[in-house]
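Next, two complexes with chain A in common: one pairs it with chain B, the other with chain C.
For the complex of A and B:
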């Protein structure tokens, strides 16, 4: 009934989607691992990123405006992140986790409805960047160039972030500030500034994910962030909270499972995701590659 | 020690008086509010908010599954009324029971975890239920929802009430709400409620004394589910329509906003929060520009952030602080 190349194409599609989600989840995981805050507004940051790219494309009239927009989006998103951390989240460190969740949930609403107020609620179309239209042959099947490109770029960025956090000197400072803030302070680290910039980095990753994903979703709407947020949670929960490698693994597993489930019965793909999240949370709440013994 | 655990002994009238005062305030409220539907909606929405407060304020559990449990009650009552023409009270009881059954299952899995993981688990379950409602078109109507729920004459043996007029329905809802309020107040003052609050403060200590936190939390979760079911069943009657959006986690989020707004450490918070939320949303949506983009949610979200950051006690807590400030002087 189902041809092998159809399944293969779906698996490949799933991996591509998974890498993109892993890019978002990396930011979410980074913020959770370093700041201890689960950010319900992460999906909203993704949405802002997509809208920034759209706005840049409307305002600019240069060749390759999509890429220019994407590059402009990065520092803009970092600024958004800085402001959120500085004015809202900073007050929440050390507070009960319940209130941290509720605060970021409120932030989600505010960002989502502000975007609805500014851009309206009708879907905004965003074309494929012209240089990346068309398909490329991958042996058994043909694959859209843009999707292939986002996959490679996403993997490269995730690897870059992982290398930065786990291997570089600055990354060591970040990890130290998360694991033992007192000692880090004694050694002269300004931990508050480290937290601020970590959140900015996470926001920029979310915005980048939104910008890259934007041409693949039919039209931008203010609700896209809420939908993606739950997928991000699932990825982080599967892979392990606070782990970048976990985010990548979780993303790819989720993408493949979703892709294969979609071949046989399209509606099943969402069901499988939430069921997977529930099962992992119950059996192994720290996720596949998670470290801590969070109960 | 034992006597302290027992509920305070009050005379029958002392037990009833706060409820009578509430009734005295709430009945005329109907005539003050800008729309006739609003009064009943405020009361109905206060019911799941009460469930949220029971779990967050008194037990320390952040439940993101209230929306789906609310929807289960609404769908059960709605389907029974629209397709099988059962007695209204029976439909309400069925809705409550169904939500109870779902929350037994949901609670069994969720209460094993605390804090963040508990919240995420309830969120996952909430979306599973939403997804089933969304996909099961032949039974739930999928995206179309359930139409044709009739709110008609309620036969109660010798006498009957016509629930069609909004005022009659409001009084019906008010009676059920006040009964529920009495029950929940009694519950949190009972030894059971004291154990819940003890666990909120320190689960370790409660365990050391010899209580099993999981059993207590499970029961609290199920009671919360039953309350949500009652709210849902009444909401189906109120709207005479049930839509899948009720089960979406954003509905759970709205209950969270209402609870925090009113105050999570006191049961009256549910009513205050629900009232302020619905009144404010209605007021803001009267401006066409704002209504189109759903700006009511924007303002409420901003207020919500401020409440979470600075006024954990919500409106009730704020008023209480001001009152105490002036009384001290």
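For the complex of A and C:
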């Protein structure tokens, strides 16, 4: 007999995990939807974000250095994204997908090994901000404060990105550049610059995800981006490639399915993610909110 | 006359000198100085166990540098290969290194799945001498062979020595839940934990298996917390160890039950931090604060060379070098058929944990396995002061016991 408090806690675990994955998948989906690039290096951007936060925390001696580090990481990751797009990815637009995959996968390995050379292979500690330690009562059960916070913050950021892309004037330019670049160009839009900034935004989201997730993983290592990448792809496939709302929906579905599986048979919690992806691919190959066919 | 000198005498003299030198170099004494042995490290240099691989390599380099890359009359050439933590890759690299470099010794890593696959190849190819660090009991048990040796304690010992010490400390523990890794090492460890619990009449509520590549274990922690167990036994290693212990702390498991981790290697503790380790019990093969001469000297030398305090993996790799150097020097031989019987007759020696000895019948070095307690941040005297040694045990398989009805020294070489 499973208690209701355990079931609720597992559902919360699922949603929290799903939102965090959705945050990462939002960047991946944004890059694919707008630039048509399948970015295998996204996992290493997540990893660099976590290392940037750690580095900032070592260099700073101010109260709330985790949060300051997280804020500093955002523009730093955008710069990393800008450089990758400007010097590497730009040559891949319009090329066969296999070239994009080879380039971004190669980039993943290069970044991973570079981080190992710079920071070493020993896990680096990135503890939780002290004000977010411990648990909070949610009526029937208690839940870790930091997890609850990342869940709320993650949802807010995803909503913000969605609002920016779908409702703002700048978002309209990005969408126009993605859907009909030729017309956008004739209307005076510098599409190249739009692509660069879109990639920078996706990279910043990946770095933010890495920084937020780091206190939960008990030691940074250069390999942390590899496993997360696979889950991000599952989220994107379930939600629909190129759709931000799809990434959120995919993440939450994945998380809840994973959480409920955890109630009855915890070892199956990873297996069910792949099963869910397989079922969605069979029923709706373009994903739940995917439009099927992008630039 | 000048012409005869330049055309016959001088070239003839040079030719004679060449012959003389060639002759001298081919004498046994000169050959011994020139002879080279290959020490191959086939370890996990990438993937979740990369940090231990690097640490072991550094300890080997430290020893070889101290001895000017010489073992007895032989010059040592060090070659390295990466298993990538994959059994198939490990086997391929081992076969490559045997074919290309013909090593006398292969020193390898601590992933049991990789090690079991590699030990199988060593048994079939009859050599080279193989130092393994996998903890799976079978490596010096049913799956062992005459060429394979181990310092790391088997799961059999880890469960019986450290877990028993932990249970002795907390006699109120009547129900436990355990989390193990979903591969060869985890299954073997789970069985050994179950055996100890059964002997003591303690109820095992559940065994959770988690993949080594998992990035979140919150579902397992919530399940453990709601299980009503008195203790949570964590059998994780590598990256997932950090995730497991960090999240056990985050979900407040220490407040509702005792938490005991079967592993506690220093480089993994560094990633977790003392806030999470406080009040947890852990276990390890060795600790840099061991109060013996071997450890004091080794820590000093390692720290001076590499700038960091070594973990147990470095200690065991340094000891492997030390033992092999001693035997090569003593026997003057680089022949496994001479060195293996000499290793079997090693007897007692000073090692990382104090007095240690070789159990020849199973090719296992017998030494203490430690129980540790996680220190609070305020208790730490220096950065790497994460744990204190609070107990030790030395319970190894007995010859003739079920599954151990063999004598490796009788196997053909």
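By our rule, the second predicted complex is superposed on the first by the 290 of 295 C-alpha atoms of A that agree within 3 Å, B and C clash if a C-alpha of one lies under 4 Å from a C-alpha of the other, contacts with A are read in each partner's own complex, and residues count from 1 in each chain.
We take it that a contact is a pair of C-beta atoms (placed from the backbone, for glycine too) under 8 Å apart; a residue touches a chain by one contact, two chains touch by 3 or more.
Since the model is a prediction, treat every value here as computed from it, not as a measurement.
*Asks:* Aligned on chain A, chain B and chain C: do they clash or fit?
*Replies:* clash
*Asks:* Touching A:216 in the superposition: chain B (first), chain C (second), both, neither?
*Replies:* It touches chain C, and chain B stays clear.
*Asks:* Contact-wise, after the overlay, does A:231 reach chain B, chain C, both or neither (first, second, both, neither)?
*Replies:* second
*Asks:* Considering only the touch criterion stated at the top, classify A:270 as touching first (chain B), second (chain C), both, or neither.
*Replies:* Both partners, chain B and chain C.
*Asks:* In the overlay, answer first, second, both or neither for which of chain B and chain C A:106 touches.
*Replies:* first
*Asks:* If you stack the two complexes on chain A, which partner ends up touching A:123: first (chain B), second (chain C), both, or neither?
*Replies:* second
*Asks:* So in the superposed three-chain picture, is A:168 touching just chain B, just chain C, both, or none of them (first/second/both/neither)?
*Replies:* A:168 contacts neither chain B nor chain C.
*Asks:* Considering only touches as defined above, state whether A:146 meets chain B (first), chain C (second), both or neither.
*Replies:* A:146: touches chain C, not chain B.
*Asks:* With the two structures laid over each other on chain A, which partner does A:88 touch: chain B (first), chain C (second), both, or neither?
*Replies:* Touch partner of A:88: chain B, not chain C.
*Asks:* Check whether A:3 is in contact with chain B, with chain C, with both or with neither, and answer first, second, both or neither.
*Replies:* second
*Asks:* Just name the clashing stretch of chain C against chain B, choosing from 8-16, 116-124, 332-340 or 404-412.
*Replies:* With chain A aligned, chain C clashes with chain B through residues 116-124.
*Asks:* Looking at chain A, which of its residues have contacts with both chain B and chain C?
*Replies:* On chain A, the overlap between the chain B and chain C contacts is residues 116, 120-121, 267, 270.
*Asks:* Can you name the residues of chain C that touch chain A in the complex?
*Replies:* Per the stated touch rule, the residues are 46-48, 50-51, 53-54, 182, 208-211, 213-216, 218-220, 222-223, 225-226, 239, 241-247, 250-252, 267-268, 270-273, 275-276, 308.
*Asks:* Where on chain A is chain B touching in the complex?
*Replies:* Touching chain B from chain A are residues 38, 88, 91-92, 97-99, 101-103, 105-110, 112-114, 116-117, 120-121, 226, 230, 233-234, 237, 267, 270-271, 274-275, 277-278, 281-282, 285, 294-295.
*Asks:* In their shared complex, at which residues does chain A touch chain C?
*Replies:* The touching residues are 2-3, 5-6, 9-10, 13-14, 16-17, 116, 120-125, 127-128, 133-135, 142, 144, 146-147, 215-224, 227-228, 231, 258-259, 261-263, 266-267, 269-270.
*Asks:* Considering the complex alone, what residue numbers of chain B touch chain A?
*Replies:* Per the stated touch rule, the residues are 56, 60, 62, 109, 112-117, 119-121, 123-125, 127-128, 131, 135, 249-250, 253, 256-257, 260, 290, 292-295, 297-298, 300-302, 304-305, 308-309, 312.
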